[in-house]
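By letter and in written order, the chains are A, B, C, D, E, F, G, H, I and J; residue numbering begins at 1 in each of them.
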Amino acid sequence: MTRNEVTELIIAQKLRKQLTWPQLADAIGRSKEWTTAALLGQMTLNAEQAARIGAMLELPAEAIEQLQVVPYKGSLPTTVPADPLIYRFHELVNVYGTTFKALIHEEFGDGIMSAIDFSLDLQREPDPKGDRVRIVMSGKFLPYKSY
Amino acid sequence: MTRNEVTELIIAQKLRKQLTWPQLADAIGRSKEWTTAALLGQMTLNAEQAARIGAMLELPAEAIEQLQVVPYKGSLPTTVPADPLIYRFHELVNVYGTTFKALIHEEFGDGIMSAIDFSLDLQREPDPKGDRVRIVMSGKFLPYKSY
Amino acid sequence: MTRNEVTELIIAQKLRKQLTWPQLADAIGRSKEWTTAALLGQMTLNAEQAARIGAMLELPAEAIEQLQVVPYKGSLPTTVPADPLIYRFHELVNVYGTTFKALIHEEFGDGIMSAIDFSLDLQREPDPKGDRVRIVMSGKFLPYKSY
Amino acid sequence: MTRNEVTELIIAQKLRKQLTWPQLADAIGRSKEWTTAALLGQMTLNAEQAARIGAMLELPAEAIEQLQVVPYKGSLPTTVPADPLIYRFHELVNVYGTTFKALIHEEFGDGIMSAIDFSLDLQREPDPKGDRVRIVMSGKFLPYKSY
Amino acid sequence: MTRNEVTELIIAQKLRKQLTWPQLADAIGRSKEWTTAALLGQMTLNAEQAARIGAMLELPAEAIEQLQVVPYKGSLPTTVPADPLIYRFHELVNVYGTTFKALIHEEFGDGIMSAIDFSLDLQREPDPKGDRVRIVMSGKFLPYKSY
Amino acid sequence: MTRNEVTELIIAQKLRKQLTWPQLADAIGRSKEWTTAALLGQMTLNAEQAARIGAMLELPAEAIEQLQVVPYKGSLPTTVPADPLIYRFHELVNVYGTTFKALIHEEFGDGIMSAIDFSLDLQREPDPKGDRVRIVMSGKFLPYKSY
Amino acid sequence: MTRNEVTELIIAQKLRKQLTWPQLADAIGRSKEWTTAALLGQMTLNAEQAARIGAMLELPAEAIEQLQVVPYKGSLPTTVPADPLIYRFHELVNVYGTTFKALIHEEFGDGIMSAIDFSLDLQREPDPKGDRVRIVMSGKFLPYKSY
Amino acid sequence: MTRNEVTELIIAQKLRKQLTWPQLADAIGRSKEWTTAALLGQMTLNAEQAARIGAMLELPAEAIEQLQVVPYKGSLPTTVPADPLIYRFHELVNVYGTTFKALIHEEFGDGIMSAIDFSLDLQREPDPKGDRVRIVMSGKFLPYKSY
Amino acid sequence: MTRNEVTELIIAQKLRKQLTWPQLADAIGRSKEWTTAALLGQMTLNAEQAARIGAMLELPAEAIEQLQVVPYKGSLPTTVPADPLIYRFHELVNVYGTTFKALIHEEFGDGIMSAIDFSLDLQREPDPKGDRVRIVMSGKFLPYKSY
Amino acid sequence: MTRNEVTELIIAQKLRKQLTWPQLADAIGRSKEWTTAALLGQMTLNAEQAARIGAMLELPAEAIEQLQVVPYKGSLPTTVPADPLIYRFHELVNVYGTTFKALIHEEFGDGIMSAIDFSLDLQREPDPKGDRVRIVMSGKFLPYKSY
């Protein structure tokens, strides 16, 4: 059973049991963002988290075991994602990439925003002209140092 | 004079005059995020905005004219960006892309988060373990409709 | 059962039952364009639509369930499509892409034509020199706003 | 003087003289769609058309000569266009490509919609919920024949 | 059963029954070029042609059905073909592509040679210094028209 | 002066002097196909041929010298050609590539059609339904031999 | 059974029976270079050769049949080979490619070294500083001719 | 002056002075293969060699200096070379790559043939059926060792 | 059983038996770096090593046999690795590649650091600000020689 | 003056003045590894460092200014580097990438080795069988945390 097969099984079982991502997240006391990423094969659960998810989704032992192994990450089948929702994020990096770079360097100096020491929060933002998606990212600034 | 040359000239003049992106933004009453994107060739200024920026940076008339033309957008030289700071954003789309898709569809149904009716805010988040970069994105949800 | 397998099954069952795309569309009261896209894995049916299509094509329960899940979109196996019919559309974007951009920006200002708030109509246009394919696209203009 | 340089010169002169694409089209009695494509290096003018455009835009003789030569076509710098407006058309081919194929083959049999014996019309479609871009394409159906 | 599997089955059955492409072509009264392309998944047979081929090659009903469906065309696994025989044709396009363009435009004006209203003939050309492959292509010239 | 610059100069001078490819070919006693390919940087002229072409097109000595040097061949800027006329030939290789392979191997055994010991003839084929482009290719068959 | 499966079977059976490439080559009276290439799916055996190899490796009838069919050639899974041994040959083409071109053209004029009328010999070259691999290639020079 | 410009200058000067690669090689007492590679920007000359070549080709001091700097190697503009002569070598790696791997591993064990401790010899091989190009490569075998 | 399947089986069995890479390495008296690479399909075991690993992981005979065959190397599914940990190494080559080149050439002259006569050591480096990964690479310098 | 031009100027001036990388590094009290990377456009100098380097290499004021600006990083012209020395590092990532991943995760858990909080040391390692290149990398381990 490959990790991709575990991911496909989780999606199928979640559909069958009519569970939501926040319900799965609550069960292990983690945010819906981190939990969804973990169950889609991007993060690693500990033994207790894996057991709970396994029970809720009736996963076989082998799948529960795999959820505790660090996965080979990267969730997209092509470099430029064909799916319109995911493409919009690719476009944001394309259009705003140099803006991120200019503003972060001016504020912090040479370095990067960590994508590891990082958290994500996604909410519905009610708006009379049409509700909005609000995403807050927080990543530690890591400076390049001379040596 | 191509638009790329206008962008390079703006970067050089800003360095020479020791101006910051927020200073340029204040001069035209816009956010630093939108202004930086515009001056890096991704957004379009109106005549008054272009004139003010042109005066501050001592740009030639031809450059001021070009800032009012809708540019061919996309700020990155390669599909997978080589620059480490910008790559981290590419990685976030790669690692969290399917998470964005799963959570937005569960909350909103089929559709996308607009990258056009969209705004961006980037701040320093003080933290005793090392300051963080905080980015807030807000994009209108656009539903697919059947017809 | 993956979504691609659902799509292949639909194509095979449609062939076996000698149904046309307009017949399937009529059964759910939607246009043939939207219905075809949905059944080829690009749009999402509601429960009632999925049930009717499932009955007409004798699909298994699992397939009917999948038709109600938002798919990972993008219908083509390669970036430049090898199929001659689909390539002609790729060529149109290549030849007329900057024309679309120039005319829309001159008429509407900076922004895009939405591919989400969008509809499509495809008809046979009788012509004594050889019938023609007539395609009408209608997409909402979405302006970039400064903020 | 390469054809790309002719195109850049036309864009610069049009901006300087504050002419619109429809004005240039009217001057040669052709549609704004065809004229824009021609002036952006995708179609070929005859001697009279080239002379008129040359006069309006004050082009040098060499540029007027080049407008009468069949260009090497293809207006986009990358296979997947980075510009958001043009990308939406690429996305439409990606999402609706197999729909176009299915509907045209069902209606006409094996063959293609010509991208040569083809015309294009782009209009503003007023709409209280936000104006729309309306594009009508008409291409001759060309059947494959057995031999 | 996918179309690729139909193609593989045809190749295997043809080998087993020791039939040649011209024999298969004669059976349906078509040229060997068109028939080979059709049986390799690039053209569409009518019901009678499919039945005859099916009988000669002892194909299952499902395969005979599929031969009457317009295939997703394009017979090569990679953009630059690795197989030496097929590569030589790719090379000819690469070396003579601009020659084709220059001579056709000079003779016919702006337009293309159709690859749809097109026929192909391939013969052995005896030659004392070594026999030659002689290929005759005939495609309708389709002019671009201004509108 | 690079070879590409020689090619561009030849195209510009030919336009200025209103010469056709057949006229240039006649002047050196070669076919229009070979001559066009040579002048577009794909074949090598001898000293006498280069001198005559140089005189007709008023080329500088350096260009005449370069026409006698074997060029780095390959006339297309991208692997998949964007130009519609040249793309049709790419499509023919894609659609008929395995047909060429099947028919040539059945007739000749394992080997290739040479693209070096090769000639090309392109003619207008009058046709009441619209004139056609007729291309005859003749390439020596080269067998693979076991050793 | 695809040709790739035949190749994998040959490799597995050769391992099981502890046969070497030269032993297989001797059995059919051909060089080890040609025989290895043929058994790895790049050349075509005649009926007698296929039968002998089939007997030595205990191949099924279907595999013996396939060894007599001209394969779709090209033995590498990616354009730039990842395997270090094979990459070194790719690197040699990259580093010495223009050297091959310069020396062959200076010696022979315009043309190529045939990769079809070609033979290969690979030997161990004893050397006190470490044994060497010695490869001798011999390919017929094929001149481009004007016509 | 970049290294590419040095290479282009060398090619132009060699043409002007009607020198051959062997003549240049003799002048520095090295093989024509190594010398050609060095002058085409793939190897490094010592001071004396650079001075002699500089004198023969009348190169400026800056070029002579650059010939002594280790170049960024790789002589081809695209991964799959478009030039027919160089492509044939790429094809040989594609067709015979796994043969090289199989024979070298069987003879030597795990390791590679060095492309650094390597030499090359290219000769005309007279043959009544048409002269041949004979290339001898000799590279040290480097074993992988366990540690 | 392909080599990839052997690798997947090893990973699964190691997980099931709760063995670490150093434990497997100790069992065959080799470093953990070399052993891990070998078991992930990049190096070749001898008969004794393969037997011991096979016993510890309860591998079938066929897998033990395959571990003694030189594999087709290269462990990554895409040219630019999507996995964040592995990408960081790709980034180091991108950022420091020209630095490696500059420093090695200045110290050693023209040549390379061997990736074959090479060893690797990876250790935890305790650090009060957060432990570090320490990697020591040692590769023989191989000089290019003129000949 | 672009940053690439600054880099080229530095390389040319260093050659002219016969300075080594360690000499430049000593002048600013930094390691030769960091200094070389900075001068090749990958790191950022402070004002004092830039002034000293500028004096040693006689750089213009504009270049000294640019050395203090964070560069767009990434030093290689192609994704797979053509240069043999740099390619060997790419190969190491390809061959040992999954080994790095397996050993670091087993030792540290889920996370990465930082390429930012990172240092590099490159030394000649004398060896009677041929000197070796020894590279020590030290990067902070950054754990993924659940949230």
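Assume a residue touches a chain if its C-beta (ideal position, glycine included) is under 8 Å from a C-beta of that chain, and two chains touch if they have at least 3 such contacts.
Chain labels with UniProt names: A, B, C, D, E, F, G, H, I, J = Cyanate hydratase.
Just so it is clear, the model here is predicted, and its values are computed rather than measured.
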item	value
Copy-to-copy rotation for chain A and chain B - C-alpha atoms, rounded to a multiple of 5°	180
Farthest chain relative to chain D (centres taken as mean CA coordinates)	I
Between chain C and chain G, centroid-to-centroid distance (C-alpha), Å	47
Where chain A and chain D are represented by their mean Cα positions, the distance between them in whole Å	41
Euclidean distance of C-alpha centroids - chain F vs chain G, Å	31
Chain H, residues touching no fewer than two other chains	33, 72-74, 76, 79-84, 91, 94-95, 101, 105, 111-112, 114-116, 142
Chain-to-chain touches, reported pairwise for every pair that qualifies	A-B, A-C, A-D, A-I, A-J, B-C, B-D, B-I, B-J, C-D, C-E, C-F, D-E, D-F, E-F, E-G, E-H, F-G, F-H, G-H, G-I, G-J, H-I, H-J, I-J
For the chain C and chain B complex, residues of the former touching the latter	30-31, 33-34, 38, 43-44, 70, 72, 101, 105, 109-112, 114, 116-117, 119, 142-147
Parts of chain B lying in touch with chain J, wherever the complex brings them together	8, 15-16, 77, 80-84
Residue ranges of chain J touching chain B (in the complex, touch as defined)	2, 65, 69, 72-74, 76, 79, 115-116
Residue numbers on chain H that touch chain G, as the complex places them	20-21, 32-33, 36-37, 40, 42, 73-76, 79-81, 83-86, 88-108, 111-115, 118, 120, 122, 124-125, 127, 129-142
Complex contacts: residues of chain I adjacent to chain B	80, 82, 84, 87, 91, 94-95
